[in-house]
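Letters are used for the chains, namely A, B, C and D, taken in the order the chains are written, and counting of residues starts over at 1 for each.
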C-alpha cells in the first residue's frame, strides 16, 4: 500500500527536510556528538574530579552568580524600560528603542574592551566608583556589568511586544473598579507580563552563562574569584586537558539547555493558558 | 494581527505625573549609563589621539587583512544560514511530522552553547588530536587554524538567527497564499519566488541583518579555532584583542570603532526594516 | 464536472476528523457542507481540492480517480476563508496569477491575458479596482477578488471555504445572493463550507449536514427541514422542542416509551386548559412574531412557541396561565433513529 | 540589493585569492612578549633571505600564552618554527604529536635558546613601597602581579625564581613552599598570560609590583601606557630564563620549508639577530653584542632550572601539574 497519507499538499517537504537534516547534522549534531564522546572518555570519577574541583566550583559560582545577578538587574530595569518605551511618548524615544539592540549588534570584544576601559580604576568613572569603595573592573562586579550589557535586550525585547498587545480594556476595567494607577500596574499589568519576563530572563541567563568576549577583558580572571567557566575551559585546553575542558563544557551546556527547556515549557504553558482564557 | 495601541486619550491609562517622571528618569539613566556611555566611549577612545592615528590603525596592513577576512567569513556563513533558515522555517511552519519539536529545539541549540564550546567542538572534531584530524592531515585539508574553521565556528554560532526570525513570522502568516498559488497551478519554485519570498522578504532581511551582525562580531568561538596568525587568521575582533594586548590601545579602539560604526548601521537598517514590517502587518487584512 | 468521494478517512495525528465519508456531487450542482465547527467539513473540502490527503478512501472527478493527484494538477478553483490574496500584488495581478504561472506554451498572450482578467474583474464588478492592492479593498471586495482569481484558471470545480465567514451581516446577505446569481450563470460545480444554516438554505441546491466526521444527511433544503434524518440534524437546523412520550402521545399517536417528538416553535401551540400540565412563563413581542415560553414540570428546558403576530392576537395567552400542549407538525425519533409514520 | 550581494561576493573571492596567493611563507608561533622582537626580526630576515636566495619570504606571526600556543601547534596549527617561553612547552610537541624529536634542544647552541632574560620587579615611580628584594614581596600590604603559572610560561619562571631564591636563602623546599605561598597570597589578579599581567599592572593600575621578565619590564618602561611612571628593581638573585626555539620537523618536512626555517633560527644567533634581540630587551648570548648593551642589562647572579629544579620535566611535574605544589599552596581569594 502506498504511504499516501504521508503526502503533503505544499511542495518542498523533501527538499527542505533534506536541507535541514543534513545541515543540522553537519554543523550542529556531529560536532556536539564529538563533545559528548570526548567527555565519555573520562571515567565517572575523573569526570567528577574535573567538574567538581574547587576551582571549577568557584567558576560556576562566578558564572552563574554573575549571570543571575545581571539577569535580576535586567529583570527589574528591562521591563521598566519596555514599559516606558511602549507607553510614554518622549523626544528621542525611537532612538532609545533602536539603541536597546546595541548589545546584539556590537561585537562582544568591542563591548569588552570599552567597558573595561570605562570602569578601570585609572579612568574617571572607574576612579570615582573606586573612591566610593566600589571596584568594578577586574572583580565580579565588572563581570556583572558586562553581562547586564549583553543580556539587556533579551528582557526588553521579550516584554515589549506583550505590552504592546496588552488590551488596555483590562486596565480601564481595573480603574473602574476603583484601583489606583500603581495598584493597576502592580496587580493587573505586571501579572500579564510575568511569562514574558521569565522567558526573557531565562534567555538572558542562558546567554550570559556562555558569554566570553565581553567578559574576559573586564573579569580580571582570578581563579576562585573572578574566573568564569568559559575561561576555565580555554585554560584547560591550554594545558592539553581536553577531557577536563569537555567535562566543564558539558556542565555549561546542560545548564543553558535546562534554561532553554524552561523557556519552551513556559511558552507552551502561556499559550495554553491564554487560549484557555479566550475559549 | 490586532495590535492594540494604548488609547492615549484614556484617562484611566494615564500614570500620575510623579510616577511617569520617575519611571522615565530611571529608564533613561539606565540607557545612558549602560548603552550610550559605552558607545560614545568607543569613539572617544578611538579618536583620543587624533584622526591620523585612527587612520593609521585602520589602514594598517594587518587591520585590512582582518577586515577582509571578517567580510569573507560573513559572506560565506550568512548565505549558508539564510538558505538553511528559509528551508527550516518552511519545514517547521508548513508541515506537521514526527520529530518536529525536536527539530525546533535543535535549531535553538546553538543559542544555548557558549561560543567557547562552539570553538571547542570543532577542535575536538578537526584538531590533530581530534577524530578527523589525522585523516585531514593526511589529505592536507586545513580546517582548524585556517579560514574553513573560522567559517564553521561562525556558522555554528549564527546558525539560528534567520530561522528564528522567520518561524514566528511564517507561522503568523499561515500558508494559505501558498496553497492558493498551488491550486492556481503554480509550481513549487514559482510559488516560492512569486508568493513566499515577497511575503517574507522583510522578515528575511531582518534575520539576515542580525545574523550578519553576529557573524562579524563573533569572538569566543573564532578565538578558539583561529590560531591567531596575524594577517591570515585574525578577524577584526581578534585583531582588536591583539592590538589591545600590545599596548596599542588607541589602535584597538580605532578598529573597534569601525565595528561600532557597523553596529550602528545594523541598528539603523534593523529599525527601517522593522518599521517596514510593522507597516505591512498593519495594512494586511485582519485574519 | 461531477465529484465522487468514497470512504474518506482522515485523522490529525490520533484525532479522527473524517470517518467514512461518501458523497456524490453532480455536475453543475451547488452543494453546501453544513455543520458545527470541528465537524470536518473544511477538511473534506480541502481533501477534494488536494490540499490534504486522506488516510483512506478515494476522490474522483467525472469518474477519473484523482486521489493521488496534487492540488496543482487538480485544476479546481479554491476560495479561502480569509481569501489568501497575494498582498504584494495588485488586484489585476492577483487575478492574472494563475495564467502567468502556466507552462510557457499554455500561457496566454499579453492581450489575451489582459482581456481575460478584465472580463473577470467586470464579472465580479471590480473593473475599476484593477490597480489597487488588496489592503485597499473592503472585505466584500477582497472576497470577490479571491473568487475572480479562482475562476481565472477556468476550473470546472469551485470550492469555497466559509466564503462569507469573515464579512459583516449585511455584506454577507448581498454577496450571497450575488454568488447564487453568478452560479446560475456559469454553472460550475461548486461546493462551499458553512456553519450558517440560513446561508446553506439560501444558496445551495443540496446540503450535506456533517457531524463528528460523518455526513448525517444529504438532501435538498426542504427535505432536510421537513424530514431530518437524525435528532442532530433536527437540532442543528434551528430551535426545536423535544417532547417525551407523555407529552406527545395524545396527538402523535405513538405511545412507545422511548420515542421523542421534535416540534419546531412555529408548529407548537399552547391551548388554555386548567389541567394541561404546562404553565406560561413569559410572552415576548418580537415585532413580526411573538415568542411564548412555557414550563412543564417534566422538562428541564422551557417549551417555546413562536407565533405570527396575527395568529397570536386571538389566543389571549398571558404569563401564569395553565395550558395544554398541541402540535401541528412533528418528527419522531427513537434514539437516533427516525420513526417513519405508518 | 542584488548588486550589493554580488559586490560582497566579489570582494570575498578577492580576499580569498589574496589569502591563497603567497610566495614562500613561514609561520613562527611564539609567545606573548616577543611580538615586538619578531616584528623587527622578521623584516630583517626576510631582507637577508631575499639577498641570499632571491626568494620573497613572508613570515607570519602568531602570539599567545606559551602553553596555549604549544597546544595550538599540537592541534594542527602549522608552525614552521616555534619560539616559546620554556622548554617544557616544546617537549609537549614531542610528547603529544611527535612533531619534534626528543633531543630537539641539542640541535642549536645554548640549549636552543638564542637569547635569555631574567625575572625582575617593575614598581611604580619612586618605589613607594620600598621594594628592594624578594623578601619585600611577602610583606602583608604589598600587591604582587604575576600571571597564572598554569597557563603562562612566563609565570612559571616567576614562580620558580621566587622558589629558588627562598630555597637558597632559607634552605630547603619546605621553607621555599611557605615563602611562595605567602607571596601568592599577595596576588590580587592572576592573568592568563604575561602580557595580560603587564597590562593589569601598567594600564589597570593594579598592585604595587609586577613580576616580569626583564624584556617585558623594559618594554613597559619604553612603550607601556605611562612612560616614566615605573622603575625597575633588580633583585639580589634571580633565575636564568631561557626561551627556546626550534624547527617543527613534521611541518617543515611536509611543507618543504626546512631550509629556510633552519636559516631563520640560525639568523637569531648571528650578530644582526643578537642585536635585534638586545634592542628588544632580551639578553643576547653573543659576547660582543652583550658588551655593547651591558648598561641595559645589570649583572645579577642567576641560577638555572637545571641547577635548582633538575630540569623542566621535573619542575613541571612537581609544581605545575594538577595536584602539584602550586595547586596546594595557591588558595585564591583567601586573604
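The rule is simple: contacts are C-beta pairs under 8 Å (C-beta built on N, C-alpha and C of every residue); 3 or more make two chains touch, one makes a residue touch a chain.
Every value quoted in this text rests on a predicted model; they were computed, and no experiment measured them.
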Practice prompt. Using the touch definition from the top, list the chains contacting both subunit A and subunit C.
Written response: B
Worksheet item: Where the contacts of subunit B and subunit C overlap, which chains show up?
Response: A
Discussion item. Among the chains here, which has the CA centroid at the largest distance from subunit A's centroid?
Written reply: C
Fill in: subunit A-subunit D separation of Cα centroids, rounded to whole Å
38
Fill in: Whole-Å gap separating subunit A and subunit B, where each centre is the average of the chain's CA atoms
16
Discussion item. As a quick test, compute the distance in whole Å between the mean CA positions of subunit C and subunit D.
Written reply: 86
Response to the item:
Multi-chain touching residues of subunit C, meaning two or more other chains, are 50-51, 70-72
Discussion item. For subunit D, give me the residues that contact two or more of the other chains.
Written reply: 74, 96, 196, 203
Worksheet item: Residues of subunit B that touch two or more other chains: which are they?
Response: 123, 129-130, 179, 182, 187, 191, 244, 249
Response to the item:
A full list of chain pairs that touch reads A-B, A-C, A-D, B-C, B-D
Worksheet entry | List of subunit C residues in touch with subunit A within their complex | 46, 50-55, 67-68, 70-72
Item to complete: Name, in rising order, each residue of subunit C that touches subunit B in their complex.
Response: 12-13, 49-51, 70-72, 74-78, 80, 82-89, 97-98, 101-102, 133-135, 139, 142, 146, 149-150, 152-153
Response to the item:
Residue positions on subunit B within touch of subunit C in the complex are 96, 176-177, 179-187, 190-191, 194-195, 198-199, 280, 283-285, 287
Fill in: List of subunit B residues in touch with subunit A within their complex
3-8, 10, 12-16, 19-20, 23-24, 26-28, 30-31, 34-39, 41-42, 45, 80, 83-84, 87-88, 90-91, 94-95, 97, 103, 105-117, 120-125, 129-131, 152, 155-156, 159, 175, 178-179, 182, 187-188, 191-192, 210, 213-214, 216-220, 223-224, 236-238, 240-241, 244, 249, 252-253, 256, 259-260, 262-264, 266-268, 270-271
Fill in: Interface residues, subunit A side, partner subunit D - complex
58, 120-122, 137-138, 220-225, 231, 234-235, 237-241
